[in-house]
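Scrolling down, you'll hit the structures one after another.
Look for subunit A in each of the two complexes below; its partner is subunit B in the first and subunit C in the second.
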Partner chain A sequence: MTSETNTPLLEISDLVKHFTVRRRGGLWTSTATVKAVDGVSLNIDNGETLGLVGESGCGKSTVGKLIMRLSSLTGGRIVFDGRDVSHLGRSEMRPIRREMQMIFQDPVSALNPRMSVEEIVGEPLAIHDSRNHREHGAKIRKLLSTVGLANSHAHRFPHEFSGGQRQRIGIARALATQPKLIVCDEAVSALDVSIQAQIINLLQDLQEEFRLTYLFISHDLSVVRHISDRIAVMYLGRIVEIAEKKTLFAKPLHPYTQALLSSVPIPRPGARKERIVLAGDVPSPINPPSGCSFRTRCVKAMDVCAKIAPRLQHTPTGDLVSCHAVELSKQ
Partner chain B sequence: MERHPFSTPIGWRGLFRIISERFLKLRNSRVARRALRNSLLLTGIGLFTFVVLLGIFADFLAITPYDEVQMRHRFEPPSAAFPFGTDNFGRDIFSRVVYGARISLQIGLSVVVLSGISGVIFGTLAGYFPRLDNVIMRVMDALLAFPEIILAIAIAATLGPSTANAIIALAVVYTPRTARVVRASVLVIRQMDYVTAAICAGATDMRILRRHVFPNTMAPLVVQLTFIFAYAVIAEAVLSFLGIGAVPPTPTWGNIIAEGRNYIREATWISLFPGLAIGITVLGLNLLGDGLRDVLDPRMKVRHG
Partner chain C sequence: MASPVIPLLEVRDLSVHFRTEGQKVTAVDRISFDLAEGEVLGIVGESGSGKSTVALALMQLIATPPGSIDAERLSFKGKDLMSMSDREMRAVRGNEISMIFQEPMSSLNPVFTIGNQLVETICEHEPLTKRQAFAKAVDLLRLVGIPDPEARVTDYPHHLSGGMRQRVMIAMALACAPKLLLADEPTTALDVTIQAQVLELLQHLQGELDMAVVLITHDLGVVAEYTHRVVVMYAGRIVEEAPVADLFAAPQHPYTELLLKSMPPLDEDLHRLLAIPGSVPSPTEMPTGCRFAPRCPYAQNICRETEPAMIRESPARAAACWRLVDYKVPA
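The block that comes next holds the complex of A and B.
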């Protein structure tokens, strides 16, 4: 309530993350730099869901990890709730971590097999709220019922649950400290389709109930379409387009977005549509193409694309796209 | 499903089930169910329990004191009075072997505890803090480069013959094994999402190590420690055979064999029975370790040795 409605909850600008990898070659080992995230800027407003999509390896999970400050950033700025958190140390981060939590892809590895559900869900409480430990039991039971689990589940261990139930336990843990932002990293990708729907509905209900803000990272366009307000499309460590869900699906501007959307199957027998099949593989992030990183696979590539990297530009509808071809057609 | 335990002959398996279900409350545990189906594990538990009971009840089993010299009864073959025969001083081999069990198990257990603790410390530090990894593991590699028994002999000989020094020597020698096992599992656990979740929740390294990392390294560590127990029993026998372990007249399996060595043609029983005791103990422990490995983590297929 304190923050104004028009200041975004999370602002990232020019986020860069480089990994140094060793390459063994003969006598000497050389090092190479992987540009996993190469200048990503985006805002997430209070209470909205931003979908972040892209192929595997495009750096979308790394963006999530950087926002959670799970790895150090090479460059750029992260402003969370009006506070620059880009270079805070581990103990300085601790009070802020209450406000931002994460839901993981693999419900098996996300829960410690040696801890009971009660201990798992109660751990954030034990860390941030150790003084009121007598109230934790009641809080844990409330959290469990919020995510649709029974009180009797509290003393059981993760292996006694199904994938969907485990994901619910993970969600309860993320909710424990009443965060503002939740980063969902492929949160439903490992689940059966029917369970996916349940979990997504749960996430939407929770968003309404607790005024949550989601960064929803996924490669699954239909899931992202269902849950997101806005969608950011990533390619090779950069954002190529950010748009309102409706405009993005109705009128994708960037050639990569167009190709991505055309790959989604239509669940109707006999349906036909034009498919844009991209040639070649994703270039290596160790040595990305000059200029626009998508130009090697782009159908609209021009001379200028090899020379100048396009910047994110506002479109007439207020969305953002980074493509020379789009700019040209606009003028 | 539930049978009354005393209405039918139950056998070993039934007894184990009653123990695990009624007393250890493992009714729902998959581990317990797998354990009951594993006959090698049950045999190992049986053999090892037998030896442990010998050690615990040595005072009641050995009627003749282990150091009572009876010159009239020198070199007597096994008989009703002396079940395992007597040695060159007329001492009862049975009493000596039974008391030897106590010493061997004490040494084995001490080595397991010490090398377990140091292995957890070094392995965790190396696995969790990448900066320490190289330093610690290269020292461990250096220790591993020596044949274990030679290194143990060298350390024990330097420190001088005593039970405590034998324990120290063996604990040093087996620390790299436990450290490597612990490090390997810490490296895997560190990448698990539940550790990431703990960091997101704001947990300190100490908390992560205590609540998340340590409990999950236990399964492979316990398996490894079982094997180390077996190695330690053998190595202790070697040390006291060479005269750098427990000091006579304290009976250990190793020094009983060593004393019987000179009479091995005429009085084979002196060396035979402590040898058998070592064999049974080590067999039991190895079966126990193999069984535990299968039960605790069926995917864990790393061979020891």
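The block that comes next holds the complex of A and C.
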């Protein structure tokens, strides 16, 4: 990375998450392993926004849940703010959890319908800051105004709000414990374009004001490009490329990144670029291809791709890519 | 582009109302547009704009009650759809006008093989034997690019991926070579690389079969790349109509203009996005005057009092905004 002097806020290395699933077939049930996350390593610097993109089933949301320790690790290491949190128990994790919060895609199912806005936003305070409960009322009002909600909203219930306003409630709740890291999992994907822009602007304002660090998980490449500093691209449980956003969009190196970027329709008639239409579907994570998991759909696949899984390697610009074809052309 | 002599589809003052709990809600309010043979028309709008209801009304698929459809004219190839009996309408539906929906899983019957479902559709409209219909089903699956169609035809919907299911839906919609295909958010549930596959397929088939398509979407990128002409809807009304290049180059309605500006660009760095303040009005509390006025930066008193009519600049271009009236009739 650019400077090795400041340690990253979050460092994850070789993160692995396997799920066991039951397969019914014939008379017997057998079990199989889904490799949802299969060796993911990345760093996020203080105050940075790292975008994590990929298509459904690539494991991007699972990475978010693993970082939050909402799901147990099969393997790997998570270092948050200089501390290894990969194996902390519940009570040890609690003080650390206030420093990392999450915003979810669907504000309807992420908010308890029977709690008022005041209770929803106040709940993290009650858990993490119970000694100062007299100040909670004032804090809640401050939080609501920070995210653009009125004081009069405090006693209303989630169903009385529009989608954009509900997402503001979710953001206020995430901010309540003054976190350092916020994992945004498809935080604007359910919103209409005009509302989406409001929430993206809010997230950027908050980042500036509170020096927040974001892991921004999304399938929407234009949103990710706008909000991120760097972008990591995932395919079938692995990261295939990490780069500064400008480099990634101007000169994607991995064949999957190239295909992904070329698939996005451009809202400018006639601006249509050369489109790489990928053949077939994403293979099943139960039985991924040997070697490079993208090789079955890759136009540049060679013999070596079936034998050896490529590792993430530094490019001359300091970014990371895992592809045999790219490595060969560099030598 | 075909120059319209007699339009394939003529819609004049179409309204759709729903009566719920004693309230009358107008989902689509007095909209008019034409569609030429072989033309691809985009209907864009955000949630609640009424765009999907338009398609259902064209197919006469609105349950009455609680719904009701009014139209001064709703004709297809010169025939009045409003005065058709259920039986006559059934002959049009599927045969001449077909529809595909957003979520292919809920549109396919999970307990029948896709071959059975295709055969049922084919036999409903054509005097073929089961065996002939089955052969035709295999041909259709091949037409929509399903690999190994002889084997896939005996699969159940759950065996297929989302993209494959949408291909099956397209095959079913094309079974009788319709003159008009209504595609309601056909790729919204799909990943971007699969979306590219499906849209390229639709575009290819549209040209091959010389079929007219109404593409209903919220995605302006999809509109820019795949349509000839666009209708923009807001809160149940058409606010602008234009050839696709003109719409993006010089939007006339403030809603269109702001909608285009609120999208994060893919090839440019913006510090902040332009957000449209507020949210779409609820159908039970429509503002008087222009429905966009409460969110419009250009709104004047007249906008809040009287609804503007569509001002037609040329046969293909129109928008409903008082600003255009000022240009035409200088005070």
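As a convention for this text, the second predicted complex is superposed on the first by the 326 of 331 C-alpha atoms of A that agree within 3 Å, B and C clash if a C-alpha of one lies under 4 Å from a C-alpha of the other, contacts with A are read in each partner's own complex, and residues count from 1 in each chain.
The rule we apply is simple: contacts are C-beta pairs under 8 Å (C-beta built on N, C-alpha and C of every residue); 3 or more make two chains touch, one makes a residue touch a chain.
Predicted model only: the values in this text are computed from it and were never measured.
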Would subunit B and subunit C fit next to each other on subunit A once aligned, or clash?
fit
Once the shared chain is lined up, is A:Ala110 touching subunit B (first), subunit C (second), both, or neither of them?
first
Where does A:Phe249 make contact in the superposed view: on subunit B (first), on subunit C (second), on both, or on neither?
second
Per the contact definition in the header, classify A:Ser162: touching subunit B only (first), subunit C only (second), both, or neither.
second
Greater residue coverage of subunit A in the superposed arrangement, subunit B or subunit C:
C
Is A:Leu221 in contact with subunit B, with subunit C, with both, or with neither (first, second, both, neither)?
second
Return first, second, both or neither, reflecting whether A:Arg98 touches subunit B, subunit C, both chains, or no partner chain.
first
Taking the superposition as given, does A:Leu278 touch the first partner, subunit B, the second, subunit C, both, or neither?
second
If you stack the two complexes on chain A, which partner ends up touching A:Thr177: first (subunit B), second (subunit C), both, or neither?
first
If you take every C-alpha pair with one atom in subunit B and one in subunit C, what is the shortest distance in Å after superposing?
8
Where on subunit A do the contacts with subunit B and the contacts with subunit C coincide?
none
What does subunit C use to touch subunit A in their complex?
46-47, 147, 161, 163-164, 191-197, 199-200, 218-226, 244-245, 248, 258-260, 262-267, 269-270, 272-277, 279-280
Can you name the residues of subunit A that touch subunit B in the complex?
68, 70, 93-95, 97-98, 100-102, 104-106, 109-115, 120, 123-124, 127-128, 159, 170, 173, 176-177
Listed in rising order, the residues of subunit A that touch subunit C in the complex are 55-56, 162, 164-165, 192-198, 200-201, 204, 219, 221-223, 225-227, 246, 249, 259-260, 262-272, 275, 277-278, 280-282
Could you pull out which subunit B residues touch subunit A in their complex?
30, 192-194, 196-203, 207, 211-212, 215-216
